[in-house]
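Two complexes follow with chain A in common, the first pairing it with chain B and the second with chain C.
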Partner chain A sequence: MRIIKLILGDIHFQFKYGFYFIYILFSALYVFLLFIFPETWREKAVSIMIYSDPAAMGLFFMGAIVLLEKSQRVLNALAVSPVKAIEYVIAKTISLMLISVLVSLVLAFVAGLRNIPEVLLATALTSMIFTLLGLIAATKINSLNQYIIMTAPLELICFIPPAIYLFVPSVIMQWYPLNGSMALISNSSRNPLRDITMLLIVIICLFMIAQRATMKMWKSLGGVKL
Partner chain B sequence: MLTVKNLSFSYSKKPFITCMNFHVERGEIFGFLGPSGAGKTTLQKILTGLITTYDGSVKLDGIECKEHDNHFYENIGVDFEYSTMYEKLTARQNLEFFSSLYAKQTVKIDEILADIGLQNDADKKVSDYSKGMKSRLNFLKALLHDPNILFLDEPTSGLDPANSQLMKDMILQQKAKGKTIFLTTHNMADATELCDRVAFIVNGGIKALDSPHNLIMRKGAAKVLYTYYDKHERLGECLLSQISEDNVLANLMKENRILSIHSSEPTLNDIFIEVTGRTLQ
Partner chain C sequence: MKAVYSCFSQMIQQLKQDAMLIMIVFVPLLAGTFFRFVIPFIEKLITGYFGIDAILAPYYELVDLFLIILTPSMFNYVAAMVILEEADDHMISYLAVTPLGKTGYLLSRLGATGLISFPASIFVSALFHLSNANVLMLTGIALAGTVQGVIIALLIVTLSTNKVEGMAVGKITTLFTVGVFAPYFITGKMQYILSILPSYWMSRAIQSSDYLALLISILLAGLWITLLSKKFIKKIAC
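What follows is the complex of A and B.
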C-alpha cells in the first residue's frame, strides 16, 4: 500500500535527518529534569513536558521538513507521481505522531503516571493537530524566518490556554479543544469522551485544510531559501 | 498521443497562452523551444495535470488533462532540470522510495543503475554526486515505473560533452522503445539532433512547428563557401541551388585552385531568430 510506503519513507527521512537522535537527547534531558523535580511537582511537570514538546513537535518540525523537501525539490517529484495530497498529509502526520507517542510513553513511564493509555491517546491526537497546523503554515512559506513569524501566533493560541487550564481548570475553558488534550494528559478530564470528540473534530477540519493547502503548494512550486 | 485544441490559459486577466493547437504522435520526440517566460513551463504543467484551469482541450493518451485522476501519473515520467532527490539518502534508497510509490514496478533498480554506469555509486549519498551523476540519476528516476510518456526538461543542461552525449544516447534508447518524449530545451543543437519535430514557443503561442530539417530547409538556403588564392587568400560564396552559375567557382575548379570548400546550412538557432525575432542562446 502506497500510504505505508510513504509513512516508512518519512520515518527514514526523519531518521536520516537526525530527528530521532534529537528526541533521544530531549527525552534524556526531560527524564533528568523529572528526577530532580520534587515528587509533588512531577505530575504537573510531566503534563507540561508532554504537551509542549513531544505532542507539539509537529509545529516545530514541519517547517524544517517541508522547507527541506522544497529546497531539495522532492515535492516537484511527488506532485507528478500517483501520490495524493491527502496521502502526503497522512504520512507526515502519522510519522511524527509515532515519535511523539514514543517520547510521551518514556516520560509518562518515568514519571509514574497511572493513566498511560489516556496520555498516549491524547499525545497522538494533539500531535496530529500540531503537525497539521505546522504543515498548513509550511505550505505557505519559503524560509525558516517566515515560518517562525507565521507560527508565533499559533504558539500563543495553542500553549497559553492549556497551560492556564492545567492550574486553573474553569468550566468555560473546558470547551477549548486543546484544553481537553491537557486535561487528558494530566488525568484531570471531566469528560474524556467529549474531549476526545472535540480533538477529533479539530483534526478532521485541519486534515481538509491541510489537503487543500498541499494541493495549492504542489501547483505553485518554486525555489526556496533555507 | 497528445492532442491540444484551442488551448488558452492565463494567470491573471492578461492572456498567457492563447489558442494553441498541435498534435503529437506516439513514439515521437517533440521539442518545445522558446526563451524564458515564453510559456514552456506553464505548458508542461498543463500537460502533466498540475494546472487544470485552462480553456480548450488537452488530451494526453486519451485523457483530458484537467480531469485526470492520480492513476494518470502511472504512465508519465518527468525528468526535471534539477535534482529532485533526498540529498541525504543514497541513490539506491531514493530510487527504492520513489519506485515504491507506483503500482507498476517492472524495473530492477540494480540493472538500470548498471545501464547508466552508476552501479558502483549506488550506495553513495546523492549529495556526494557530481552534476552529471545527478542528471543521470534523475533521468533514471523518471523511468522507474516504465512510463510510456516522458517529459524531459533541459536534460543536458550543465553537462560536459561526454555526459551530454551519454544523456542523448539514453533519450534515443527510450525513443527506440516506443516512448513518446516531450523535450523542453534552450539547446538548439540538442533539439536538432534529438527531436522529430519542434515547436517554437514565444509569448504563449506557437510561432512555427515542423521537423528541424524542414524548418531549416524551408527558411534558409544552403550556401557553398570556398577560399582560393588570388594575390592573397579570398573567400567566395554562392547558393547551393545556383552553384552551376558561379563562373568564378567553375574556373577555380577547372584550374584546381580551390584552397577549401564547404557547404553551410543555417542552424535551427538562425531559423528561430528569423521566425520569432528572439534569441535563445
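What follows is the complex of A and C.
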C-alpha cells in the first residue's frame, strides 16, 4: 500500500538524519535526570519531559524536514506522483509519532508511572497535534529562521498553559485541549474520555488545515502557481 | 575587513527580511523578564505545593548562568541557521573565492555575531540577574558564554551537511550546556567527567566566585573554537 511505503520512507529519512540516534541520547539524559531528581518530583518531571520533548518533536523538526524536501526536489516529485496530500500528511504524522511513543514508553517505564497506556495514547495524540502544527507552519516558509519565528508564538500557546495546568489545575483551564493532554500524561485527568475527545477534534481540524496547506504548497512549487 | 563588514551587513539584511532581527532584540528581554519575575513566582508556588522552604532559590546563580548563556546562544544559533541555508544553496563556496575568503566568511558570520552578543549578554544579565554575583563575575561569564555560543554554532555547521542534520545537531548541542549542572548536582570527582565542557567551568566560577575556573572556561572554549574552525574551513574546501 502507498501509505505504508510513505511511512516507511519517512522512517528511513528520520533514521538517516539521526532522529533515532538523538532520541536514544536524550532518553539516556532524561533517565539520568529522573534518577537524580527527588522521588516527589519524578511524576511531575516526567510529565513535563514527555510533553515538551518527544511529544513536541514534530514542531521542532518539521520546518527543516520540509525545507530539505523542497531543496532536494522531493516535493516536486511527490506533487506529480499519485500520492495525495492527505497521505503525505498522514505519513509525516505517523512516522514522527512512532519516535514520540517509543521515547515516552521508556521514560514512563523508568519513572514507574502506573498509567502507561494512557501516557502512550496521550503522547501519540499530542505528537500528532504538534506535527500537524509544524507542517502547517512549514508549508508557508522559505527559510529556517522564518520557521523559528512562525513557531515561537505556537510554542508559547502550546507549552505555557499545560505547564501551568500541571501545578495549578483550575477547572476553567481543563477545557483547553492541550491541558487535557498534560492531564492524561500526568494521570490527573478529571475526565479522560472528554480530554481524548477534545484532542481528537483538534487533530481532525488540524488534519484538514494541513491537507489544504500541503496542497497549496505543492501547487506553488518552483515559484509557479499550478 | 571591508569585505567582512559587507558580508555581515548582507546577513543582517536577510535577517531583517525574515523579521528575525526584531526577534533577536526582544527574545532576550522577554526571557530576562521571565527569569527575573516568573521564576521567583514559580518558586513561591512550588514551595507552597511541596511544603518546603526553598527549592529554586539555592540555584539562582545557575538561573543567572542560563540567562547569560541564552543571549549569545540564540544569536549564534540564528547565525548557524544562516550558514546552513547558505551551505545548502552552495553560497559559501562562491563567497570563499571572493576577497572575503573562508576565514573572512567565518568572521562575518560568527565573529561579528559574537561581538554583538557579548555586550547584549552583559546588558541582559545586568538588568535581570537574580543572584548576588558581582558585576566582574557576570561580565566574565558573559564573555565565556559568548565564546561558548560560537562553539555551538560551529558544532552545528561543522557536523551537519544539511538543514535537517543541522536541527538535529542543534538539539544535541544543548547537551553542551549540561556541564552547568555538574558542580551543583554531582558530588565528588565524578563531576570532572564533564570538565571537558566550558559550561562546567563557568558553573564552577559562578558557584564559588572562582576566577581561575572562569579563565579555564575561556581558554578551553578558545581551544574548541580553534579545532572546530579548522574543521569547518577544511569542510568548505571540500
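FYI, the second predicted complex is superposed on the first by the 221 of 226 C-alpha atoms of A that agree within 3 Å, B and C clash if a C-alpha of one lies under 4 Å from a C-alpha of the other, contacts with A are read in each partner's own complex, and residues count from 1 in each chain.
Methods note: a residue touches a chain if its C-beta (ideal position, glycine included) is under 8 Å from a C-beta of that chain, and two chains touch if they have at least 3 such contacts.
Computed from a predicted structure; not experimentally measured.
*Asks:* Both complexes share chain A, so when I overlay them there, do chain B and chain C fit or clash?
*Replies:* Here chain B and chain C can both sit on chain A without a clash.
*Asks:* First (chain B), second (chain C), both or neither: which does A:80 touch?
*Replies:* In the superposition, A:80 contacts chain B only.
*Asks:* Tell me the contact category for A:149 with respect to chain B and chain C: first, second, both or neither.
*Replies:* second
*Asks:* Applying the touch criterion given at the start, work out whether A:12 contacts chain B, chain C, both or neither, answering first, second, both or neither.
*Replies:* A:12 sits against chain B, while chain C stays out of touch.
*Asks:* Mind working out whether A:2 is in touch with chain B, chain C, both or neither, as first, second, both or neither?
*Replies:* The answer is first: A:2 touches chain B but not chain C.
*Asks:* Check whether A:167 is in contact with chain B, with chain C, with both or with neither, and answer first, second, both or neither.
*Replies:* A:167 contacts chain C only, not chain B.
*Asks:* For the combined three-chain view, what is the angle at the C-alpha centre of chain A formed with the C-alpha centres of chain B and chain C, to the nearest 10°?
*Replies:* 90
*Asks:* Look at the superposition and give the distance in whole angstrom between the closest pair of CA atoms, one from chain B and one from chain C.
*Replies:* Chain B and chain C, overlaid via chain A, are at closest 10 Å apart by C-alpha.
*Asks:* Starting from the residues of chain A touching chain B, keep only those that also touch chain C in the other complex, and list them.
*Replies:* Dual-contact residues (chain A): 17.
*Asks:* For a test of understanding, state which residues of chain A touch chain C in their complex under the given definition.
*Replies:* 17-19, 22, 25-26, 29, 36, 40, 60-61, 63-65, 67-68, 71, 143-146, 148-149, 152, 167-168
*Asks:* Could you pull out which chain B residues touch chain A in their complex?
*Replies:* Within the complex, chain B contacts chain A at residues 45, 48-51, 70-71, 73-74, 76, 78, 80, 82-89, 93, 97-98, 100-103, 141.
*Asks:* Using the touch definition from the top, list the residues of chain C that touch chain A in their complex.
*Replies:* 15, 18-20, 23, 27, 45-46, 49-50, 78, 81-82, 84-85, 88-89, 162-169, 171-172, 175, 178, 185
*Asks:* Using the touch definition up top, name the residues of chain A that touch chain B in the complex.
*Replies:* Contacts found on chain A: 2, 5-6, 9, 12-13, 16-17, 72-74, 76-84, 218-219.
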